[in-house]
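By letter and in written order, the chains are A, B, C, D, E and F; residue numbering begins at 1 in each of them.
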Amino acid sequence: MYYHDKRLQYPVKVESPDPVYARMLQQAIGGIEGEIRVAFQYFFQAWGNRAPTTKYRDMLLHTATEEIGHIEMLATAVAMNLENAPTKVQEAGAADAIVGAVMGGENPRHMVEGMLHRHLLSTGMAAFPANCDGVPFDMSHIYASGNIAADMYCNVAAESTGRVLATRLYNATNDPGMRDMWSFLIARDTMHQQQWLAVIEELGGDAGTLPIPNSFPQEKENQKFNYNFFATAADGSPPPAGRWTEGAAMDGKGQFSVVQNQPMGEEPVLGPARPDSGAETQQIG
Amino acid sequence: MYYHDKRLQYPVKVESPDPVYARMLQQAIGGIEGEIRVAFQYFFQAWGNRAPTTKYRDMLLHTATEEIGHIEMLATAVAMNLENAPTKVQEAGAADAIVGAVMGGENPRHMVEGMLHRHLLSTGMAAFPANCDGVPFDMSHIYASGNIAADMYCNVAAESTGRVLATRLYNATNDPGMRDMWSFLIARDTMHQQQWLAVIEELGGDAGTLPIPNSFPQEKENQKFNYNFFATAADGSPPPAGRWTEGAAMDGKGQFSVVQNQPMGEEPVLGPARPDSGAETQQIG
Amino acid sequence: MYYHDKRLQYPVKVESPDPVYARMLQQAIGGIEGEIRVAFQYFFQAWGNRAPTTKYRDMLLHTATEEIGHIEMLATAVAMNLENAPTKVQEAGAADAIVGAVMGGENPRHMVEGMLHRHLLSTGMAAFPANCDGVPFDMSHIYASGNIAADMYCNVAAESTGRVLATRLYNATNDPGMRDMWSFLIARDTMHQQQWLAVIEELGGDAGTLPIPNSFPQEKENQKFNYNFFATAADGSPPPAGRWTEGAAMDGKGQFSVVQNQPMGEEPVLGPARPDSGAETQQIG
Amino acid sequence: MYYHDKRLQYPVKVESPDPVYARMLQQAIGGIEGEIRVAFQYFFQAWGNRAPTTKYRDMLLHTATEEIGHIEMLATAVAMNLENAPTKVQEAGAADAIVGAVMGGENPRHMVEGMLHRHLLSTGMAAFPANCDGVPFDMSHIYASGNIAADMYCNVAAESTGRVLATRLYNATNDPGMRDMWSFLIARDTMHQQQWLAVIEELGGDAGTLPIPNSFPQEKENQKFNYNFFATAADGSPPPAGRWTEGAAMDGKGQFSVVQNQPMGEEPVLGPARPDSGAETQQIG
Amino acid sequence: MYYHDKRLQYPVKVESPDPVYARMLQQAIGGIEGEIRVAFQYFFQAWGNRAPTTKYRDMLLHTATEEIGHIEMLATAVAMNLENAPTKVQEAGAADAIVGAVMGGENPRHMVEGMLHRHLLSTGMAAFPANCDGVPFDMSHIYASGNIAADMYCNVAAESTGRVLATRLYNATNDPGMRDMWSFLIARDTMHQQQWLAVIEELGGDAGTLPIPNSFPQEKENQKFNYNFFATAADGSPPPAGRWTEGAAMDGKGQFSVVQNQPMGEEPVLGPARPDSGAETQQIG
Amino acid sequence: MYYHDKRLQYPVKVESPDPVYARMLQQAIGGIEGEIRVAFQYFFQAWGNRAPTTKYRDMLLHTATEEIGHIEMLATAVAMNLENAPTKVQEAGAADAIVGAVMGGENPRHMVEGMLHRHLLSTGMAAFPANCDGVPFDMSHIYASGNIAADMYCNVAAESTGRVLATRLYNATNDPGMRDMWSFLIARDTMHQQQWLAVIEELGGDAGTLPIPNSFPQEKENQKFNYNFFATAADGSPPPAGRWTEGAAMDGKGQFSVVQNQPMGEEPVLGPARPDSGAETQQIG
């Protein structure tokens, strides 16, 4: 179960509120690279963890709980960037508005546009659980497969795309408060990338975990095709050479090679449509 | 651009058509662990690839193109498992039907239920791009971040959850044709897991790629908190020890340690609602 | 604006309530082939209709309004099929339940399963605006393009897939009341297919409407490639001959022919990633 | 069944067409606070209504039918605000365009941006059933639970968020026609808020309806915890006092009190993964 | 920020694991009536709360934090109901399986079907954030409008549909452990319904809060139509009388009456399509 | 199975990169009128095709394969339009930025806004499979009904809305490279419209295919109502006359006529709620 402290994990300050930036921040809340995703991914991995030990469940709960605090920080940052954003439009027409903006140094409509309206219309100047395009976060992005190695790679993927996004948001602002907040959140992403890779290492690294799942006997897979790069160039030109085209495979259990892809199957012929299946009579034959 | 051969990459045979299994196969077509996802993930990573070399673009195109053929194999397998599935219901009531099924050895309604109706109602006994619950695949699951290392981990995650699913589907059937098809597809997943990890190794492994993105100067991140495991147990009890709680970090650029999480920020106080923002008067104050 | 009559457009009777059939009926309410879709497609086409005449707007309103009554009929049919469906489970375990069902002629859990739970859990034994898999209807399926010919073909598509579904649902029941309801709704689909094609004919048929939009000067399109079937077989084998491979095009403005697809462009080379774009340093070059 | 009149329920006039405002109006059509939602929520509540009387079914049909006319008014308002919006771009580059706009008093691209493209690209200058971010309305927002009191509160929620949105849209325009339309629609929301609360009062108010559902015997709920505010502050600091922390509960069936949340359960220990479940061998133990 | 205790808020025990019931429980996790929804609805209302006092923010945080623990309890209950569920299918065909089930008292395929596959295929026998149809929860259901009275009604709606669902799930099981868990969760829903209504009372009840938002001057709404029930029966027959057709309105600011709906507007005439707008030439006129 | 050539089907050149136009192009990639949709619609129609001949399967594969190359061209065009788009913001505040833009001829923030952020934040300046509002493509738009005539009309609908979109995108740019690309893609849409109508003609045209499905015996549909236009005007005023109100129906199997819609059914009366169904006691009666 869970507890809260009404203070934030790390300070959130905004010197110059910027409604356009508020909108950009939404990507880090409700984007697929964002904090709702990692919080719930770690929670569901913890709550469903099956293993001889509760160690991984426990570890995941620590980090999932931390991430709730990150959503909170970002939601606070969005609201602060919307302070003083306009709720009213004085001007009658768009063309006038933009001229007025340049002449008079203010342009409420332009700022409303910058917000893309939703913060004005739906939330009363606060964050909502959607990305910067307003697409609501959907929970199909919570990856929890029941296989701990697969889940760790899902987590590395989430924290890697997450830190990429965070650095882009750092670069997209000059506000000192926002940059300080990001310097903290980017640091946490650094740690979390390492953390999930450390689990892989603890499980034995490539040799100990691959191929995932390692509990499926490899003799049941088709061993003619499990370490080949299939080339699909229509003219048969070879693919670029790389670590994946020759040498020992990463798991030490095979040798990489290149194979030109060729059909091994036949053209499939399905039965004709049956009389009462809603097809055209021409399909029933 | 692209070409086709009307034959399949690998033979698809079904000895005993099973409409329930057809439904399960949908997960491998339109589930988040499925083949549409990897095909388009690799295509979009290829088409947007920015690097001094086209090598990675090229490699991704080979594998993306192969994956289209996997969707085709699975769609064929679904249609074949639906051969002879019922399109009509002779019985008037559900209770009768189930009794009849046991008595007479046939139960059209039960099989219709097994299919969960959609293959009957929407496709005329063919596959559709949705998972085994009928939830359509949505393209937000195509991860292509513009950072090649992040993308490779997204790909490892996709192929790992994909192979986990494939082995579950192997175990869920006794049909020799289906098991042969899976032995091939599972082998391909083995290769693809290795392939994306091989790119990481070629890029320099942990030290060469972490933290992702490695182009953001680490001195801009808060270096007090970038290699710490934050513990959130309310009673301050320590987290379980692991590779991630002490020793050198995976990238060799820091030392893991444990920190008890404490609020560093304050309770956030947002401004009151403004008069014309659609709030209650009690909020305006 | 709109009015209602609390009576139904056509009688809805159910002799033998069947919760499994209730679930199947959902496809005709909230499926992409269903009645919510056509009602709102015609409404939005009407409300946005731009033409020198209000004739089409008016016609569309008549039919859209009729369709609301069809949703109502189907929602009523779902509720009636759920009369007497179980709300409680007396048995402790699934294995017992199914044995009991066969022995005693009743099987509440089996019927609960047949309903797939949602009618029990979410609606209190009534219809909801989702398909037979429980996927909610989403309004991106309302096609209204601003081009009347395109819209008419969208409508033919909707009524064709709709009538296909309706005949499948007719075949899936033996209940006389349900079959009578479907005999009416199938008849209406027959009319509506004709109706939208009649608009095409009134607009001048193929010659008068194609290519859609016919207001774009055809000399602006690349006239080397506007009536060719492009063949993509990797081995250059010719495509099957058909009405579309030779002879006059449907609009009488060109001649069909076959062309083997070949790349006319080059391999695209995008610029390398820029330093502050969140890429790996290896991509920046 | 349903009828239409091709005239609008209330006049819709636009003095100064404004494509940015057209986009904002979309929120009132296809947003979760919008008119499609209330129309269909009331329809599905009516069509599935189970009660000894058809009174509530009947009442709901009156209001649902009215709401279709509101969608129509708003769709008309969107189209009128798009009159004369640009369909073409004369300028080559964005920087030039904005300068040109200020200099010459026109800025087609800026206006295109204001529309966020969709009204231009997808609808031919007309409304579509999506919110102001272009997210299509999805019918999971149609709340119809089979419990009339729960449904009435869902309706109050819908009309409250709806009127909040409507007043924000009123404030966001100075167009007299648009403000007149909103003065009508805001008035209707006022009525509808009252209407659903009036049903609650008719059902007996708090004492007659709470806790919802009131048909579940309260002795089956855990009576130690049904009127307590659970405090979750990690340091045990008390929550703020309010109407909900002491005194008689709203339904008169209990007394409010405050309880500090403490775990009453244990750490859950799930079984280890089974050998053929697709887990890593390390999880099988 | 947040803390956790690895123990559960309340004990979760399952005597007879039942994979069908596991699937039903998903509705309480990821359904629109479920716990993810309330947790995040309260969090976003708290994080965006604007008022002269932080009292409501604080209260909301207590309850949101409690709800995370409820998701955890339900996720645990799902996993426990999946203990011993089959991961393998021994039988070749469906018809055989059901006969075997009755004869031998076991029916793995039937149970697999009961689970509808997803718990087997995607999670390794654990919960996932979707409803009982497998539709992922999407965050557009997090209602936080910036108006505290509207939000409180959204919360009453959520807790009312939530308790309705909870009592249905209580009735759908005989497992003593599950019923004990539900007796607790149902009690908490009782409290939370009261809690949000208590806020409304503290704000002044109907008179103090209606119409929502109460900060919009009522003289700006069309006062001819703000307390009328609009009747839409095509034949002009009167609507049923009720609390909402006569007498003082709930807010004491108007009198209810009935008005027969009549068009006050005209048939809308949009301009014809413009030449370069992608319409048919027939629309351009 | 499939092959690729790393060159493009047709050249893609951009003279003046324009990030706003990049965003608009997304509609042709991931919009419902776009290329992902047609590619996969044709693939799923091919893979599930049931007929006495493989001719249609084969033809569909040719065109589906071509369409993958169109997605590739558009993804390339998006990336090229994002070359040199800003990744950084130098200015502190929005008001300053717009003034600076006009004064100095550059306006990074404005351009960032034009992109609506996602290309910057999520993709590193590349395309993604979503429409111009950032709504991800969802595969429920892949129409493949198992009825070849219905599918052909779905394809005509897709290519018609697709070509309408393409001409709007042609009009929205002055870039010679972009216009040349569109002249090619518009030509292909011309062909594909004809191609699917040619299949209808080959199947026998209206008489040979209507009503769809033509395999359902028309004597089973209610023959009183299968060629009538139902008029729903509340005052009984007649609908506008057109090809669909009199004369022979399109299929030659009936005569069009007009019927004033009247209720033929009764007010539906559902049973009251049952005691344990989660209703209010007032509904149980």
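Everything below uses one rule, namely that a contact is a pair of C-beta atoms (placed from the backbone, for glycine too) under 8 Å apart; a residue touches a chain by one contact, two chains touch by 3 or more.
Keep in mind the model is a prediction, meaning the values are calculated, not measured.
Enquirer: Just to be sure I understand the contacts, which chains border both chain F and chain B?
Expert: A, C, D, E
Enquirer: Please identify the chain with the largest separation between its CA centroid and the CA centroid of chain C.
Expert: A
Enquirer: Report back the single chain whose CA centre is most distant from the CA centre of chain E.
Expert: F
Enquirer: If you fit chain B onto chain C using the CA atoms, what's the rotation angle, as a multiple of 5 degrees?
Expert: Result for this pair is 120 degrees.
Enquirer: I want to compare two interfaces, D-F and D-E. Which one has more contacting C-beta pairs?
Expert: D-E
Enquirer: I'd like to verify one number: the distance from the centre of chain B to the centre of chain D, where each centre is the average of its C-alpha atoms, in whole angstrom.
Expert: 31
Enquirer: As a quick test, compute the distance in whole Å between the mean CA positions of chain A and chain D.
Expert: 27
Enquirer: Calculate how many whole Å lie between the centre of chain A and the centre of chain E, each centre taken as the average of the chain's C-alpha atoms.
Expert: That gives a centre separation of 26 Å.
Enquirer: Would you give the residues of chain F that are in contact with at least 2 other chains, written as numbers and ranges?
Expert: If we look for residues of chain F contacting two or more partner chains, we find 1-9, 32-33, 47-50, 54, 58, 61-62, 65-66, 69, 76, 79, 87-88, 102, 113, 116, 122, 124-126, 130, 133-136, 138, 140, 145-147, 149, 164-165, 167-168, 171, 212-213, 216, 232-234, 261, 263, 265, 267-268, 270-271, 273, 276-279.
Enquirer: Given which chains touch which, is the overall layout a line, a ring, a star, complete, or other?
Expert: complete
Enquirer: Can you list the chain A residues touching chain D in their complex?
Expert: Its residues touching chain D are 1-6, 47-54, 87-95, 98-99, 102, 109, 112-113, 116-118, 120-122, 124, 130, 133-136, 145-149, 203-204, 208-209, 212-216.
Enquirer: If we count contacts the way the header does, which residues on chain A are in touch with chain B in the complex?
Expert: 3, 5-12, 32-33, 55, 58-59, 61-63, 65-66, 69, 73, 76, 79-80, 83, 87-88, 124-126, 135, 138, 140-141, 143, 145-147, 149-150, 153-154, 156-157, 160-161, 163-164, 167, 170, 183-184, 186-191, 193-195, 197-199, 201-202, 206, 210-213, 216, 218, 220-234, 239-240, 242-244, 249-251, 254, 256, 261, 263-268, 270-271, 273-274, 276-279
Enquirer: Residues of chain F touching chain B in their complex?
Expert: Counting only chain F, the residues touching chain B are 1-9, 30, 36, 40, 43-44, 47-50, 54, 57-58, 61-62, 64-66, 68-69, 71-72, 75-76, 79, 122-130, 136-140, 142, 144-147.
Enquirer: For the complex, give me every residue of chain F touching chain D.
Expert: Touch residues, chain F against chain D: 16, 18-20, 23-24, 27, 31-33, 101-102, 105-107, 110-111, 113-114, 116, 131-135, 164-165, 168-169, 171-175, 232-235, 261, 263, 265, 267-273, 275-285.
Enquirer: Please give the residue numbers of chain C that touch chain A in the complex, ascending.
Expert: 164-165, 167-168, 171, 234, 276-278
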